[in-house]
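Below are structures written as structure tokens.
Each of the next two complexes has chain A plus one more chain, namely chain B in the first and chain C in the second.
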Partner chain A sequence: MVEASGTLTRRLLLWLLLAPALVWLLGLILLPHLDLALLSFRERTGPGEYAYSLAQYRTFFAEPLYWDVFVRTAVISLIATAITLLIAFPIAWTIAKLTQGRVSALLFAVCLIPFWVSETVRTLGWMILLRETGVLPGVLVSLGVTDAPVEMLYRDATILVGLVYTSLLFMVVPLYSSLESLDDSLIEAAYDLGGNGWTVLRTIVIPHAAPGITAGCIVVFMLTLGNYLTASLLGGKNSLWFTEQIYTQFITRFNWEQGAAFGFLLLLLSSLMVWIGLRLSGQKFADVMSRS
Partner chain B sequence: MMAMLTRRAAALAALAALLSLGVLPGVAMAQGTLRIITWADYVPADVAAQFTKETGIKVEVTLSNNEEMISKLRATRGAGFDIAQPSQDRILGPQQEFGIYKPIDLTKVKVDLIQPDLLATVRRNATVGGKLYALPYVWGAEGMVVNTQRTKVADYLDLCRSDLKGRTSVRLRRPTLMAFAFAMGKDPFALYGDPKAYSALMDQIGARLIACKPNFRFFFDNRDQLLNGMRSGELHAAMMWDSGGWKLARENPAIQFIAPKSGALGWLDTYTLPARGKNEAAVYAWINFTLRPEIAARIAKNIGNFSAAKGAEPLTDPKLRAQFAESFPRGFKDVRWYPAIPPGLEEIEGRVLDRIKAAK
Partner chain C sequence: MSAPQDFDLEAKSALKRFGTHTAVDSLSFGVKRGSFFSILGPSGCGKTTLLRMIAGFIEPDGGDIEIGGRSQRGVAPNRRSVNMVFQQLALFPMMSVGENVAYGLARRGVGRAERDSKVRAMLERVGLPGAESKRTDELSGGQRQRVAIARSLVLEPTLLLLDEPLGALDLKLRERMKIELKQLQAAFGTTFVYITHDQSEALVLSDQVAVMNAGRFEQVGSPQELYYSPATPFVAGFVGANNRIEGRVSAVHGALVDVATPEGWVVRAQTQTGPDGRKPGVGDAASAFVRPEVAVLGRSAAELDLPPAAAPAPVHEGVVESLLFDGANSAVLLRETKTRAEFRVALPQTGRYADLKVDERVVFSFAPERAVCFATGGHG
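What follows is the complex of A and B.
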């Protein structure tokens, strides 16, 4: 009897502890998504009247504009993820292997400092630096590199700079944690056995860090794909970012049905990309997530 | 310990009782709050403070724009705010579609404080099922700002001239479509009842704006973005509404606000009551308070536009009146008011705006 009530209490306690997470998942993630899903299969037939239809998804495939923006967003996000990985890897390596103690902590802090201010402020900072009457074009003129100030905003490259800058930390952290666990003696042994830098990187370091790399790539890709502010502010009149389309449909066009359909397509795209990424790198989702 | 706590509690209770009775001098009676969703500058802090002092009602302001106001009210089915201030042409459609407002009770409003011709405009455009859903608040007109040291423009199509490549800006919103339609000699308002012809016209305007796209440095989203572009000299001419243009003109005499040859489009923002707003007594108190000539004049000065309150005009800033006379030499004749947008038209416009955005 005593034992039975003990397990009961324990089970009750477990549910109690789980409750906040469950409420969160159900109430704030699952239910709104279900509502959005229903919304995306609706079509306005008259003032205040709606009927079920696939019209919203048809519009997406029929109007090349939305499709183009969709593909463009995915491609730029992929490029941004690749660049972030290339920049973050040496940083993470330096912090994990080449420095120790206070220096390594200091380097981490340097990576972290930009995140002490909000994304808006960071993006506006880039705008001040890069606009025609801004800091960098002025410096270039005074150095004699260009004759007249050049407008550096509103280009695809500007969007990339902003996205990479914003997501660097999210790549450095998982890379650092997976590189730190790599035993230095393995690298030394590889060199002793006649390996050069490239083979060591390819056969020892990268396989060991693979879960970290995949985790970082997934997080960064998701962040850039769903980014709204950086793309729309730095991209200007040609930004064409898919989240912007979703915002426009919901807020300025009052077309929630179309916006919901776009939202689901974006969710599908990111899930698909993550799945492909895991497949290509031969990683397991649970393994990767425990690293990030 | 216990005694001390109770004593403090008793003192607090007594204080609360005094407050609620309004016994303490200088402390107004609390009458709840009035939640307003509106545009920047529309509720000046000093006006709100005076209202609170007179009535005890606290004023909570949320800043927004037409589309966001409607979207927010749609999401809550008209809850969350007691007053919203959309433009008069944006009331009929959303009201028919989403039912987010409740009718105005004119018996509670000092109607004779409102300029009759503006009230008539709102009556024409914001009456649904025989009931009036809005009252006029502030009005102004859309035109162009131009840096006269750099260039000269007379109408919207001049923004597309080859010598202004990358030096102009417009909003990627419906007023731009309307403005360019008139500049091209068309009357989009006449086609409001004919979606097919309207759609064809919008396609035509879209093509014109796409051809003009290299001239636009950016599509501005808010006033400050445009003002900064003009101040820094990055922009030479742009579409802008009067208050922003006159603000620039006061800072830099080389910059002027002009009414385009094809006519300026007049906007009129309103008071509306969200369907599930709570504090109705406070709403009418606020409306009557802000219609008082001296209060209305202060609000108008803060925005840099003109009040819909009748008595406010003689009290309006003389500088502003001079600027109006200069920009609109023929007065109201240069201003064309937006008629109410029938539901469904914005979808057509939206598709055209998306195409402009996507064009290379």
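What follows is the complex of A and C.
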């Protein structure tokens, strides 16, 4: 009897501990998405009258603007992820392998410090630097590189800079943890057996860090794909970013049905990309997620 | 005298400093082709630095290292005909056994077909036929070591460096791997340079052993030379078990001296020229070293079974302090009756004194010719 009630208490405790997570998962993610799914398959037929249809999805494929923006968002996000990886890898390598103790902790802090400032303020900081009357165009004029100040905002490159800057830490952390666990003697052994810098990177370092690389890329890709602030502030109102289209449908047009369909398409896209990424890198989802 | 071309490895005043600490202090030595050469020393003696210098991971601050008669100055580790077996073996976990062994061949641009046949032949030679597709974590510790050696030897290096590869294994496996290593070396005929802090590994495996201390070689010689005629007090203390008796020389009888401890115990030992070229004379501070198996034990002086010697061996009295039973290596720890000095005597393997009791009074003796004595300090 005692044992039975003990098991019961333990079970109850487990459920209580899980409760916040379950409430969050059910109430804030699953239910809204179910509602969005229902919304997206609905069409207004008259005042206050709705019918189930695929019209919202049809509009997406029929209207080239939506489709273009969708592809554009995906491509820029991919490019931003690739650039973030290229920049974060040497940083993570430096922190994990070339420095120790205090120096490596300090470098980590340097990566983290920008996150003490709100994302909005950081993005506005970029605007101060890059706008036509801003710091960087002024410097270029005084150095004689350009004759007149150049407007650096509202370009695709600017969006990329902003996206990479915001995502860097989320790439550095999983890369760092996977590089940290790489035994230095493996690298030395590879050199000893005749490897050079490139082959050691390709045959030893990258295969070892693959879960970390995949985890970082998935996180960064999702963050950039769903990013609203950087794209709309640095890219301007015409930045043609897909989250902006969703925002417009929900808030400006008050067309929730269309917005819901867009939201689902974006979810589909990111899931597809994650799946492709996992297939290409030959990684297991659980393995990768435990690294991020 | 060997001609220089008989050496696969030659160090010429190789020097390495870390800050003010001299890790390798102007070392010069040669390793003969096809031999098993061990560098034996306590941790921190500079042996790892020396090995990494030979492998090319550390550039010497002075002097030179020649491999196969060619200077290795400025030659990167991936361009030396030297391969290394790492302490933790460093097998690539992301690759199969076959890919591990093929790694170096692939880096040299050897074609797939040739690579596969070389890998197959090599795995057969190390007793792992058909293990190509296995994962490295499916192997036992001994098999992993064989893969690590195969991975290096398939490249046919002039020199194979081994960085305490047995250190991580448990005792039973270590004993077996010692034998296996020696057989592998004999079978391949490759020159092995082996570093270890374990004197038993060095003695069992090697043709030549260098005892290293504080960046220098104290003595280079065959295991027998190191054991029976140590050149320095450090070697006498480090190689094999030894009783160390410190005191001053009270009398000289030809090649033998009497060493008196401050408490007044006198032992007789053969003088040995120390590293400074001096033999101990009367009044000199000196250390005598007596191996436990050189000393014999008895319940009375008549029982002492000493080998025939020129001069009669002095007989000492003692009390059993503790019994150290360890099968064939069993010993008894005594205290000399008058001075309470500690002395260790190996028990005969016949089991004759298996019934010794703590606090029992015994006599012990040793042939002075088989004990060595070095001058250790100033004249007083």
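By definition in this document, the second predicted complex is superposed on the first by the 290 of 292 C-alpha atoms of A that agree within 3 Å, B and C clash if a C-alpha of one lies under 4 Å from a C-alpha of the other, contacts with A are read in each partner's own complex, and residues count from 1 in each chain.
Convention: contacts are C-beta pairs under 8 Å (C-beta built on N, C-alpha and C of every residue); 3 or more make two chains touch, one makes a residue touch a chain.
In this text, all values refer to a predicted model and were calculated from it rather than measured experimentally.
Per the definitions stated earlier, placing chain B and chain C onto a shared chain A by superposition produces no clash, and the two fit side by side.
Of the two partner chains, neither chain B nor chain C is touched by A:G226. By the touch criterion stated above, A:L65 is placed in contact with chain B alone, chain C being left untouched.
Contact with chain B, but none with chain C, is seen for A:K237 once the two complexes are overlaid on the shared chain.
Between chain B and chain C, it is B that contacts the larger number of residues in chain A. Of the two partner chains placed around the shared chain by superposition, chain B is the only one that A:F254 touches, whereas chain C remains out of contact. Here the apex is the CA centre of chain A, and the angle it makes with the centres of chain B and chain C after alignment on chain A is 150°, in steps of 10. Once the two complexes are laid over each other on the shared chain, residue contacts for A:G125 go to neither chain B nor chain C. Once the two complexes are overlaid on the shared chain, A:G277 sits clear of chain B and of chain C alike.
By the touch criterion defined above, A:P114 reaches neither chain B nor chain C.
After superposing the two complexes on chain A, the closest approach between C-alpha atoms of chain B and chain C comes to 48 Å. Common to the chain B and chain C interfaces on chain A is no residue. Taken together, the chain C residues at the contact with chain A in this complex read 55, 57, 76-78, 82-84, 86-88, 90, 92-94, 103-104, 107-108, 151-152, 155. Every residue of chain A that touches chain B in the complex is listed here, in rising order: 47-48, 63, 65-66, 68-69, 131-133, 151, 153-154, 236-238, 240, 245, 248, 250-255.
Against chain C, in their complex, chain A makes its touches with residues 183, 185-186, 188-196, 199, 203-204, 207-208. On the side of chain B, the complex with chain A involves touching residues 67-68, 70-71, 74, 94, 96-99, 166, 172-173, 213, 216-219, 232-234, 343, 346-347, 350-351, 354-355, 357-358, 360.
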